[in-house]
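In the two assemblies presented below, chain A is common to both, partnered first by chain B and then by chain C.
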Partner chain A sequence: EMVNEKDDSQRKKKESIVDLSKFLDKKVRVKFQGGREATGVLKGYDQLLNLVLDGAVEHLRDAEDPTIIGDETRNLGLIVARGTAITVVAPSDGMEQIPNPFQNAEE
Partner chain B sequence: MASTSVNASTLLPLELVDKCIGSRIWVIMKNDKEIVGTLSGFDDYVNMVLEDVVEFENTPDGKKVTKLDTILLNGNHITMLVPGGEGPEV
Partner chain C sequence: LQLPLSLLRTAQNHPMLVELKNGETYNGHLQSCDTWMNIHLRDVIFTSKDGERFFKMPEVYVRGSTIKYLRIPETVVDMVKNEVQEVRRHQKDMHKQKKSYGGPGRGGQSNRGGRGGGNAGRGGGSGRGGHTNNK
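Let's look at the complex of A and B:
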């Protein structure tokens, strides 16, 4: 059985664990290392998770506190997002910002 | 190579970058730095060779730092690439 496990891990290691085809031509929200966030329509991708986003918009952070994503945005157009920097890819209507739920617990 | 394949009908990201060779490209880094230059080429790691480069630092708001000639941009901290982009508004 142990030999089979090893064969399986070698056979399957090139498969991707995510399938981005379901997001094609859909609006997605992408988060990056370093805190940047962008949304755009997914037009293409590769095995390394590089993405092509059309009509991309970057959501700018608060000047005072860079951990806050404010309402300000800037239009970027057709972009390539580097897979090496991506932390999250989610459907654009799948998330909403809520007030900090932990803030009252401290008091 | 992989069982989960990408259809030829989707646009490959690195192909889009390749099409941009010879044109201006706007590179956004993980930090508050952005670079605009003419793309001479890039490698598998998306390290890039750029010419006629302008570097922008976003936060201190002294935005422009102009460089010229040719630079090798280390691809480690690249977040986004905008083909044909002019860079952030001045």
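Let's look at the complex of A and C:
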């Protein structure tokens, strides 16, 4: 609910800066503190960024190097993702892999 | 003296690079940000930590707490200076307006105490001529 109970710095803004309603019923990719990643259909959310994901799938990482997201996955089903642990949210559709877009070679 | 968050707010609609604590980088245009430095980027290129893989995505939401740093175009830095000046000037104007009323809470017009209220004490003509002499 958008109620002006207290001021937010100088402005009265109760909404979060991203409107998750446009992602409802769409697949989203969520990254977590600690490096875990999951995708799922966004069924619900709240101000604190807690998310309800349906048919969620965790993308497992390499045993050797946990920074690499491999192909293995594990099914999580219907989950609530805790907002406090979420680091990144992005729509899964519209995400495509591309070759190096930067002119200069990456270091 | 400039605040980091005001720099960020000024940078809205500008492209920037965000590196997260986990080493991943996001290049995109800043759609919006908030007091916790959470940001919403549009037209994003995501580069994996090893710099090998690249993904394009229409938008991302990034938690402020997970940001390591942001790279912002230099042109934005100049814009901030102007914006900060304008905000300060605006605040000063508001302040001036309040003073000229003479503090409505203290019964500005019939100011017998003669202490408060900018006009009554100093205004001279308008202050005294205005109300009846209750001596």
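Convention: the second predicted complex is superposed on the first by the 81 of 107 C-alpha atoms of A that agree within 3 Å, B and C clash if a C-alpha of one lies under 4 Å from a C-alpha of the other, contacts with A are read in each partner's own complex, and residues count from 1 in each chain.
Assume a residue touches a chain if its C-beta (ideal position, glycine included) is under 8 Å from a C-beta of that chain, and two chains touch if they have at least 3 such contacts.
Quick caveat, the model's predicted, so the values are computed rather than measured.
Engineer: Looking at chain A, which partner touches more of its residues: chain C or chain B?
Structural biologist: B
Engineer: By the touch definition at the top of the document, which applies to A:Gly77: first (chain B), second (chain C), both, or neither?
Structural biologist: A:Gly77 contacts chain B only, not chain C.
Engineer: With the two complexes superposed on chain A, say which partner A:Pro99 touches: chain B (first), chain C (second), both, or neither.
Structural biologist: So A:Pro99 only meets chain C here.
Engineer: Under the stated touch criterion, which partner chain does A:Ala90 make contact with: chain B (first), chain C (second), both, or neither?
Structural biologist: second
Engineer: Scan A:Gln47 for contacts with chain B and chain C and give back first, second, both or neither.
Structural biologist: So A:Gln47 only meets chain B here.
Engineer: Once the two structures are fitted together, what part of chain A is touched by chain B and by chain C alike?
Structural biologist: Residues 16, 33, which sit in both footprints.
Engineer: Looking at the complex, which residues from chain A come into contact with chain C?
Structural biologist: 8-9, 13, 16-18, 33, 35, 49, 67-68, 86-91, 94-101, 106-107
Engineer: Going by the contact rule set out above, which residues of chain B touch chain A in the complex?
Structural biologist: 1-4, 6-7, 10-14, 16-17, 28-31, 46, 59, 75-83, 85, 88-89
Engineer: Under the stated contact criterion, what part of chain A meets chain B in this complex?
Structural biologist: Listed in rising order, the residues are 12, 14-16, 19, 21, 24, 32-34, 36, 38, 43-47, 50-52, 56, 58, 63, 74, 76-85.
Engineer: Of all residues in chain C, which touch chain A in the complex?
Structural biologist: Residue positions touching the partner: 20, 22-23, 31-35, 38-40, 44-47, 49-63, 65-66.
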